[in-house]
Every structure is written in structure tokens, then in C-alpha cells.
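We just call them A, B and C in the order they show up, numbering each chain from 1.
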């Protein structure tokens, strides 16, 4: 792993500090693995509550990812291709959910889309739609925090690709939609895949915003991270077991990404 | 080395030790941050008090003039887990008997736990009571958005017992893992009704609906010294809460806690 | 059928201004130093850049006229472009790159691929490369793909931006002949290669500092290049001939020694200033010396351009001072010499 070609040009201290940092990242995982109740793992993961939470988690994370693609793709195009009036501010706003504490994000969503929120009160009185405490609310919360991951990834790829190929397509008779479908999107496919995977992983692990905005009810809004949190109070072993599942899924996604789509 | 002696101007780069030192500092700081303030040694007259998060305001008032006291505020279960993991503290105050029980059982606490206050569940609604809640049985109304505490946390267990005894099957829409979160959702009007502690209802300025079924379901607050033989300054802090007419007792009362003469659901461990 | 360009394209910091440029059918070579607006001219015709004001007509219909609110977008113009950086679609196979324009015009996949194959054969790309991605090809192969791709949708106008730069010399002749009888009615050839101008261009447009400095047939522009850069560029002599080893026999029967080996039909190019003139047979290192009849002398400031007739038509740039010393006048027979190292062989 350390056998880098350039290592002779790298000060030794940098290498060492690098490994210290790696240790910092790996140590908690080792701690988790060492406390994992390997023998009772199947029975814990087979519990109906865990399966229920897994089902909710899959539905919520996949729906949120779909929302990220449908909404995020146009946004990435706007950021990359449109001349905006305040580009830095707009871009900062897009990235805000990445740094916002998720609980604050959830509260902000309540203020906006809650039953008495800015927009939510109209949704409620006109359509009878109330998002909090519903699966749809969990999807909204997860999509809110996951969206920047997709947008930032795709926007970077669009910027890097530029519009050279789009111009070439235009001179070959391709209109705007044909260019989008046959040239632009295929060209940034690796970034689309990476962005989708990142958004999905973030949505799967989402906790604070979901809890704050959508609450916690088994079979409806209780996702795996919520189950983990509650299990920590009830039965720490179960919490470790569920965390292992989440970690394994995330690791699998990231390793696949690195192998397939990320430039090496 | 050879290069250094043949060329006087070329010295080994100075940045290397700085880099290493900085990295060590970062790691050390992170380590300190992770272990929390409890890493401060007890002694030298300093007293570290671990207190349940529902006591945040009370603790602030009581220790306003005791500069030697360092409060550590977290959920009772978290505090007990930290003690078990070796965090150093002098006094533990939990928001229920079960967590204190565990601390005693694990040997983290050697002093005698003393009941200092009780707290009762109330049927709370947003200030304008938009659902027209009139009694505990309304919690089973499907048209209302009803919030309870999750069964994993004490207020949820307390609520479960009370509803069981009253024979009410609640139609809950959310099971919040924290009573504070439940209270704030009620105050935002996102929920129509819920069962929260009287103190939280008061802090969040919620309306309460009379529910006699809840009156017997009390939660106990316990204080105990970590050491079997507390230092005098530690004993003084405990006395702040246990003595009749103490500043702690007054502050607890002021924030809506009930007295220690009531009988909580979980008696103190013997 | 003409392309008429009369307008201004604004870029950041400068603008291309073209007044009443008319390009008839055939190959129009656009020459000029770097940054004079050659590519911008091509992009405006293709519809990739808009006119700030003025009017662009392609084959009788208005393509761009800001005052009238007309702008025909690039994909509706039937103007194809071979970009300097090629811009092949990396995610598509070579064959599908070429089929792209046909597919957009409504051809089915199989039909488009068949036609694309025909074009790739014409540009001389080995069929083993057809199913590969552009990244797996050499620079020269990629260039052929780019030309085939642009020709595929049968454009009215084909714009070729520095087309032959990275093609190996053997392929250059083939591609040049391909452009010469291109199916596109108009070819706008942006080039830095004097051979392209000499062999392909029916007319030449010289751009200098964002404006047209000269226009006309190659001979007209050579006589009046309009700017220093074009004068030097057009001063290059381009002589067809047949190579055998390190010598080339030109069409007029003159045998020139050259520094590189070649075989078969070639072009010999050398700058006008590489030719020296003498009253008597020169001695010394220049192995290439021949007698020629002086046909014309153009004096331009301190420079004199001397046109020599038979055995080959050659231009020579000398100083006005030397011209006076040699007492040059038309009809005079004079010795010309040329160093072998000044000669470039273009196949």
C-alpha cells in the first residue's frame, strides 16, 4: 500500500502523519468489529423490527435517490452551463445541506414544509397533504441532505467536459434534447454513477433530518439509522449489528465506485 | 548528513518536526475532545458533576456561584455509559431510577443514591390545542397527529405503562427518542397531542390537558456520589440538592419538578 | 449557391469584422496568423457563435441576422465542422461516431452503420479500427474519423479547422484529395499549410487582426497578400514532382536534391527567401542551381519578389538593394540556387 512510486520524493513525516490519519479512520471501525456479536448476528438481523427498518430504509433511500437524480440533474446543468447572477452564493446554497447539522436541516424542513410551515400550511389546507410523520416526509428529508452530493459530483463532471462535444453534436444535426441524451449524459456517465451512489449512501445513512422532520414510527418512518440509535438504548449489541450492515453496504458501494468509475 | 557538512547553507528541512508536532497536537486534541470534559482530573477542589439533560437549566442556576464545579450534561444513559468506560466524575444525577440502578450495578457509582425530585407526565398540546384534545383517550383518535416517546427511553416507558393501565391504545404517528424533540414538535404545531414531562411542557410553553390517569406515574431524579467517601466539596454539591430548602430543591421546584416526597415508579436501588 | 458573410462577431476583448465576403462553391482557404479570427469565422458560419450585427446567408437563405431576429441554430444549418481538437465522442465506437449525424437525420442503426463504413473506407481507416473507441486510435486515425463523421450527414458547407496537422504524410495526400472532391458544396479550409492552399483552394481569404486583409484566387492573393504574415506564408514555393531517394524531379524536368528520402509523387516546398539569385553560375555548397527566365519583379518597400519562369515557376524574395545590383528586368536569364536543407517534402 505504501509502495508509491513517488515515495522517495515524499518527506517521511508526511507519510507518517498520513498513516496516523488512516489509523484515526480505521480505529473506530476496528472497535466496532471487535465488539460485534458475530454469533448472534443472524438472529439480531432477522428480528422483525430490523427487517421492517431495512424495508423502510430501502424504500426511503431509493426514492430519495430518484428524487436527487430527477431534480439534481437539471440543477447541475443550471450551475454548470447557465450564467448565474451570483454564482458563488448559489453554489454555496446548494452545498449548504452538506455542512448543516442534520437536526437543523430537519428543523428547517419543518419550518418550510411542516403543517404550519411556510409552504406546508398551504399544502395542508389546499391539498390536505402533510409531509411530517409520513414516509414521503422521510424521503424529502433524505433527499434534502443527499441532493448536494449528487449535484456537486455531476456539476464538476459537466464543467470538466465543457461544451465542446455538445458543439460537435450540434454541427452534426443534433438538437438540444438529442445532444443531451446521446452525447452529454453518456459522456458524464461515470460522474452520474458516482453521484447517484454517493447520494444513495448519504440517504441510507441519514438520521438527524429524518428524525426531526419525519419522526420515528416503525414501518413508516423508522429507518435503519433510527433503529440503530434506539437499539443503542435497548440493546447495544443489536446497534452494533445493524451498524455493521450499514457499514458493509456503504463500503461495498464506495469500493465499487473506486474500482469502476473514479479516475485512478 | 554528508550534504549538510559539505554545504553549509543546506540544512535538513525544519518543517518536518513541526509537521509531526502539529499532527500529534491534532490527534491529542481530538482525543481530548472525544473523551469529553470528564478527562479533567478530579481533585484540587474541582468537582465534576454529570447531570441528565433535562436538568440543564437547574444545574446552571445552582452552580452559578460554584466556580469549582464543572457540569457535564448528557442523556442519563449516555452519562452512565461514559462512567462505565472510565470517565472521571464526582457526582452523577440521573433522570430516572433505572439508569442510576445500572450505574450502581456496574460499580461506577459507590455512594448512596438519593431521590431529589420527581417529574410527572402530562398530556400536552400546542398552545392553541388545534385538535381539541380533552382527555387521555383522545390519544387513540386517528385524525390527530399524536407523538409519544420511544419505548427505549424512560419517558416512553412511563407513557407506555400509564396508557396500558388506562386501557388506551394510542394511535401514535411518531415515537421520538427524546422528550425535548417531542415537546418542540408539539410547540411547532406539527403534532396535536403528546405525553411529555411536566417540566418540558412548561419550558416549551405547551398547553396541558387534565389527565388524572397520569398522576401516579412519576419519574424519579437521583443524585449519588461516585466515590463511597466523597470529599467535603463533593458532599457540599450533593447537599445543594438533598438538604431541605437547598438551592437545588428551590431551582427544581421553580422549573416545575415535583418534590421528593412523591413515590416514583422505579424506587431507588437499595 | 454562395455563403455570404457580412457582419461582426464579438469575442471578449476583440471582434471579427467581415465585410461582404462571398464564398462560392468549392474550397475556400482561410489563412492568417494565430488569433486573427479564422476559427471564429468558421464557428459563426457553423452557428456556434452568433453575429453581433450584420448578416450571414448560406445558399440563399438567411442563417443569422440579429436585426431581423433570425438565427438558425447550428443543428439546422447543414454545416458540418472538423474541429482542430477533433472532438470525437469518447463513449461511442468509431463507426458510431461517423453514424452519429446519420442517426440524427433519422437513419436506422444498421443503415447508418453501413453508410458510415463506406465513408470510413473512403478516408482510408482500416476496418479493424471501426468497433474501437476513439481513444484507442492514433492521432492520424482519429483525424480520418473526424473527417468521415463531418462528411456523413452530407453537409452543404464543410468547415475544416487545421485538418491535416496530425495526419502522417502518407495519409495527407489521400485526405487532401478527399477534401478536393468533397461531397459538400462548400469547403471552408482553415489552414497553416501552403500545400493545401496551392493544391486545393479555389479562393483564399486572408485574415489579419479580426478583419479580411486579402481575398481572391491564390495567384491574386499572392500578388497582394494584404499583410506581412500572409506575404511570407504565400511566398512559399510549392512544386509538384516525383521523388526517388534524396532527389526530386519536378514537372518541368528540374532535378532537386533534398535532405530527406521519399518515393513517388510529392510536393516540394521551400520559402521564397530561401532562393538566391546570381548573374553567373554559383559556386559553393548549394547543389541545386538552375537557369531561369525572369518573368516579373514586384517591389514592396525594401523587399523585392522575383517571379521566375521555366523550368519551374518559382518565387524568390530578395532585398530591393540586391535587385538593383543585379539589374533585374523581365526576360533576363539568371541563375537561381537553393540549399537542399531548405526544402521540405510533402507527400
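Miscellaneous remarks
Following the convention adopted for this analysis, a residue touches a chain if its C-beta (ideal position, glycine included) is under 8 Å from a C-beta of that chain, and two chains touch if they have at least 3 such contacts.
Small disclaimer: the values here were computed from a predicted structure and weren't measured.
Chain centres were defined as the mean of their Cα atoms; on that basis the chain farthest from chain B turns out to be C. Of all chains present, the one whose mean CA position sits nearest the global mean of protein CA atoms is A.
Centres computed as Cα averages put chain A at a distance of 53 Å from chain C. Chain B has its Cα centroid 31 Å from the Cα centroid of chain A.
Mean C-alpha position of chain B lies 82 Å from that of chain C. Looking at the complex, you find that chain A touches chain B at residues 11-14, 16-17, 20-21, 24, 110-111, 114-116, 130, 132-133, 211-212, 214-218, 221-222, 226, 229-231, 233-234.
Those residues of chain A whose C-beta lies close enough to touch chain C in the complex are 164-165, 167-175, 178-179, 182-183, 186-187, 189.
Within the complex formed with chain A, the chain B residues making contact are 13, 15-17, 19-20, 23, 27, 30, 77, 145, 147, 150-153, 172-177, 181, 185, 188-191. In the complex of the two chains, the chain C residues touching chain A come out as 46-48, 73-81, 83, 85, 87-92, 100-101, 103-105, 149-150, 152-153.
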